[in-house]
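The following pair of complexes shares a single chain, subunit A, combined with subunit B in the former and subunit C in the latter.
After this line comes the complex of A and B, so read on.
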């Protein structure tokens, strides 16, 4: 038996479903899922710190995004992102053709309306993880047909604050 | 491009994400409800929803049959903990009538990164487990009640979950059917 007990994969799916259920039933507006996004942000912000503590430094923004699409994604959602596109100016589109959290849903149009709330947590998760890696962005999702899901990332021009001795700050975008 | 260093351990990451998600859920509940008892109740309700689904997964995976008696059930519950949380709680403190026992946990993935602040002393952090047990056993015609009598997070030496058998549920025919 391992020193740290390992919980089974399926428990995350169960707790996620309950989370969605709880937020959806307790929110005031019909489509208010900002709480879910916030919870995802908290989790992403925390977990990325544990994942990357022994990882080599990322070269640039694109390198970080590649890490998110391959290692991060496959360790959480059991598969890699199928397609990563970028305009090299801070906009990225991550396409997952069979997204784990909605892959168990019927693939017809019946549940297309409620499907977005099952990916909101993940939007927050991405935003939180990237925020901790120094990339501040807005993440939105788009589901055209189940179980495929596209995540749109729009990064801001951001301020990197290195601990410079003279209190200088440098404004730049990584990788461009 | 080659990266030195190990790849991420998928099972471990998933387990940690589960722990963090559960923590986020509990803290959100603490924000939403003023009353700690309400939080405990809500956690149990969520656990119940999980339990009624989890039992199918358990039966499918283990191919287990009917239990002979409640002691048999206790062992199966123990094996479910091993399967899903990777822990083997000890079964102990059987009541003389054999309808009540305790599960004692040394470690628990749910409480991996958890420290309770002083103002939530009444919070039963793992209360979702009581709901899971109730929901799961209800689906196999058993009515039970369980509660935490000791909690490691509150300074007790271990975490103890007391499980009590109430009655066997009979299959009820839906109203309006013969």
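After this line comes the complex of A and C, so read on.
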């Protein structure tokens, strides 16, 4: 146990906050967060290789999502997802009641407008990690009251083109 | 220890191959290529509910010929590692093979975290090459 506490917990929060500031100030439009999302995608794509290293192979999509909610989430945000809901047809909702990257903001309506850009990176992180695990999905986020955040995942069943390295994925749903 | 180590990508494209005897590379490419069918088979068997032991990343012996034994390993991200060892080498136990794969996976995870490596590209890292060589010679 070192005498001085290690700063690795808050470092991630600080660099993330600076990242958001940097992207927000350098982008032309007010709502241009696709850069942040892409950065998250790349991080997620790489980190998942390491996180699943000593893990048994996943049985199915739900098994993978459970891993994301528990171990993936706690290794990045030090807590687990509070609630996972699914319609068993490729749509998942991950609810975090106290999401780490927005938990330091005051819980009124004051920052509700800017809060979404602080979860965009995480949306990309989820999308990248799942893409590398073979689940291709669209991730959107929803913040109703401040420290809570819901992530909506809509998975595609069949992928025509392999998505990496750059650009959007061309996808189609089987049977439609 | 091993005579050939190969890394195969998600869509079964070769990402890296290295053998002790470079003139035999083509020969080993065939062997590795053939073994991919066995890998596919083993992966499909998992989707049916059998025992939990089949869910390991280590796939065990894929097949053996008179000269070689071929072992497989597949990561959660569907990257396949193939190791070919000499059949005459009876010293190699299952445990040692597992150890080789574990080291291979560690060094692969390191490579993926290298910001200059683009996932899905052929692996050309010198560090990776060096580590694979050391695994192959059994250091």
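Keep in mind that, in the parts below, the second predicted complex is superposed on the first by the 151 of 176 C-alpha atoms of A that agree within 3 Å, B and C clash if a C-alpha of one lies under 4 Å from a C-alpha of the other, contacts with A are read in each partner's own complex, and residues count from 1 in each chain.
Here, a contact is a pair of C-beta atoms (placed from the backbone, for glycine too) under 8 Å apart; a residue touches a chain by one contact, two chains touch by 3 or more.
None of these values were measured; they are calculated from a predicted model.
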More subunit A residues in contact - subunit B or subunit C
B
Give one of first, second, both or neither to describe whether A:47 is in contact with subunit B, with subunit C, with both, or with none.
both
Just to be sure I read the superposition right, which of the two partners does A:9 touch: subunit B = first, subunit C = second, or both, or neither?
first
Just checking: does A:56 make contact with subunit B only, subunit C only, both, or neither of them? Give me first, second, both or neither.
both
State whether A:82 touches subunit B only (first), subunit C only (second), both chains, or neither.
neither
Check whether A:71 is in contact with subunit B, with subunit C, with both or with neither, and answer first, second, both or neither.
first
Where on subunit A do subunit B and subunit C both make contact?
46-47, 50, 55-56
Residues of subunit A that touch subunit C when the two form their complex
45-50, 52-53, 55-60, 132-134, 162, 164-165
Which of the residues in subunit B end up touching subunit A in this complex?
3-22, 24-25, 28, 32, 42, 46, 49-50, 53-54, 57, 83-88, 107-110, 112
Residues of subunit A touching subunit B in their complex?
1-2, 4-12, 14-16, 18-19, 21-22, 26, 35, 39, 42-43, 46-47, 50-51, 54-56, 71-72, 74-76, 78
Per the touch rule, the subunit C residues reaching subunit A in their complex are 10-11, 46-47, 52, 55-57, 74-78, 105-106, 108-109, 112-113, 118-120
